[in-house]
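Per-chain residue numbering starts at 1, and chain names A, B, C, D, E and F are given in the order in which the chains are listed.
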Amino acid sequence: MRKAKRADSAKTPRDVQAVFDDIKATRKVADVNNFWRYLARDPALLKRTWEGVKEVMRPGELDVLTKEMLYLAVSITNGCGYCIASHTAGARKAGMTEAMFGELMGVVGMANETNRLANGYRVPIDPAFEK
Amino acid sequence: MRKAKRADSAKTPRDVQAVFDDIKATRKVADVNNFWRYLARDPALLKRTWEGVKEVMRPGELDVLTKEMLYLAVSITNGCGYCIASHTAGARKAGMTEAMFGELMGVVGMANETNRLANGYRVPIDPAFEK
Amino acid sequence: MRKAKRADSAKTPRDVQAVFDDIKATRKVADVNNFWRYLARDPALLKRTWEGVKEVMRPGELDVLTKEMLYLAVSITNGCGYCIASHTAGARKAGMTEAMFGELMGVVGMANETNRLANGYRVPIDPAFEK
Amino acid sequence: MRKAKRADSAKTPRDVQAVFDDIKATRKVADVNNFWRYLARDPALLKRTWEGVKEVMRPGELDVLTKEMLYLAVSITNGCGYCIASHTAGARKAGMTEAMFGELMGVVGMANETNRLANGYRVPIDPAFEK
Amino acid sequence: MRKAKRADSAKTPRDVQAVFDDIKATRKVADVNNFWRYLARDPALLKRTWEGVKEVMRPGELDVLTKEMLYLAVSITNGCGYCIASHTAGARKAGMTEAMFGELMGVVGMANETNRLANGYRVPIDPAFEK
Amino acid sequence: MRKAKRADSAKTPRDVQAVFDDIKATRKVADVNNFWRYLARDPALLKRTWEGVKEVMRPGELDVLTKEMLYLAVSITNGCGYCIASHTAGARKAGMTEAMFGELMGVVGMANETNRLANGYRVPIDPAFEK
């Protein structure tokens, strides 16, 4: 059965529980979402992935909203349904308004279009871009 | 010969020239880059593409730097060499520092990784994301 | 109706039936899965695809388990839901354990990440790799 | 200039040098390749990426050759030129023969084909694959 | 709720209604499909996208059937479920028979396969193709 | 050296030569292009790929020009440089004019854009498309 693939909370191994606890504390949420539950099937993968996500999504030179929108733009380009749903939610939580989302969609759509126009015409890179 | 595929400036048709002039005026640049010169092989495609790019890249709810970084994130994901070169230049011109670029790369890399992890484990979308 | 798109077994054309019989005999299964039933809408496509799959998946210098894992890694990268489901099943049948699947996911995720890092930094190929 | 984007060895920061030294010691090589030199522009990205690659490529339930071939299959699917060159070299070093490479190509090609056939016919997942 | 994301027809803004009316008149259909209803969340995106689609899909040097099949081939390659469903319907309406669809699938499958074979062997472009 | 990876004509194995001869006879060309020379490193892959390409590209319900344009649309979407160059040449040989190429580019660009808009808004498939 499909459900059996999620970690059963009654039997969560200690190393998995430690990651879950850190996710909940870092994000100030009551529970972890399905992505982390499925990754828990391989505790080393879960731990490495969470530590990577935690590090890259931390506010730095770019704020959290910008980072969430970049994550969403990549997920839309790749057509990952789960990731689009979760990062649309994440970007909204970080402050993305409906109008901002509309503009993001405009840029993502246009970039996917012009990427193929540049491919198709085999446009050589301008020397100015190499500096 | 490859060069013959670019519009020869001495013979630029009037409709193409009008678009080139608008690009130069809008972007305050002395000349248009190769992408526009190759698109000029089909004047209707050139005009429609420029008008689309001009509209989506105009500052709105998102500023120009954010839009350039979204464009770059999509181009990196698609592996379009020309677009990566031109939009890295565009983002730098709009204010992207080396440190910001490093953080963008971190997010783009991680998103491409977790997109596949979500695919591979066939993670069902959390009901909370559907609201 | 959707169902009508599958070949109705009572009316299976002889050339389609011959392919179905070969699939069942080769794989030692009681019935063919949906993929082959849908391809049967074009008997030439069905025959050519089955013969190609049969040839590439035959044990050779690489064993069946390795081939199934390569197939799965490509399917995860492309985000093909049907193919991920069917080749996860195929790889398990060929001996992929949960621990091996976790390691495969780690490699697939990391490759998708570093592919974009190499794109984004436009890393030139080392002369040593050209030998 | 393009070259200036590589870390100049005379001025390599201590944190970057530590990663370079670990790469050289782990892989028993005299120098690091271009990929790592370019990533060094962001020392945190360099460190995180190397630690991830080191962990996932370590022999475990899957041996190094299998892991290198999975990495190569993903890189070919994504069309990343640098990654194809470096992981073809990596897989050969780990024991991939010309005959094994030919079989890998056969599987990667066929998977990319059937992924689209499953998409195009919108094949529903067989209940048997959900168990 | 999901439904709330569609424009409620009782409250459709005037600019959105004008686009909907043009779609219905141009395509001679009683109602617009979901794609346009969702895009209506951003009226400028809706208008720009419709005008672009209307222009590129108009019969010209290529007829509507050829254009619909090209659209479908791209959508299958990208794995966009909605687009595959809508453009399969569109191509059928423009005259694509089951036999033509089978041949299209054959070409799309083979192109996706040989694209990776060319990537994997890093085949250099023949001078003859550069002329 | 790179060149050594091509089959040296003086030593071409008989099975490879038979495929080369069939390519030259079928296409009425004096020599085979680089793609086939690289595939010759694995004679079974060469033979299977050529037979598949020969079968799908044969005129049938779709003419050769339409098939070449579909092949090109997929290759542009995937960003395969070699394939774009060779199938642009192939489509031109089959009758694609500059104006037709411009329209093909318009459709390919727009399809890549709207594929992402449908992904990003997670548009549900209209019941009418399921019939």
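Rule of thumb we're sticking to: a residue touches a chain if its C-beta (ideal position, glycine included) is under 8 Å from a C-beta of that chain, and two chains touch if they have at least 3 such contacts.
Here the structure is a predicted model, which means the values were calculated and not measured.
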Contacts common to subunit D and subunit F (chain labels): A, B, C, E
Chains touching both subunit C and subunit D, listed by label: A, B, E, F
Homomeric contact subunit B-subunit F: same or different residue positions, threshold half: different
Centroid-based (C-alpha) most distant chain relative to subunit C: B
Chain whose Cα centroid lies at the greatest distance from that of subunit D: E
Interface copy of D-F among B-F, B-E or C-D, judged by whether over half of the contact pairs recur: B-F
Interface with more contacting C-beta pairs, comparing C-F to B-C: B-C
Whole-Å gap between the CA centroids of subunit B and subunit D: 27
Centroid distance [mean C-alpha coordinates] between subunit B and subunit A, Å: 21
Multi-chain contact sites of subunit D, meaning residues that touch two or more partners: 2, 41, 44-45, 48-49, 52, 55, 77-81, 85, 99, 102-103, 105-106, 108-110, 112-117, 119, 121, 130
Touching residues on subunit A, where the partner in the complex is subunit E: 79, 98-99, 101-103, 105-106, 109
Subunit A contact footprint on subunit E (complex, rising order): 41-42, 44-45, 48-49, 78-80
Complex interface listing, subunit B residues touching subunit A: 2, 5, 33-35, 38-39, 41, 45, 49, 52-53, 55-57, 60-62, 66-67, 69-71, 73-75, 77-78, 80-83, 85-89, 97, 99-100, 102-104, 106-119, 121, 123-126, 128-130
Interface residues, subunit B side, partner subunit C - complex: 72, 76-77, 79, 81, 84-85, 105, 108-110, 112-117, 119-122
Footprint of subunit E on subunit B - complex, ascending: 1-2, 44, 48, 52, 55, 130-131
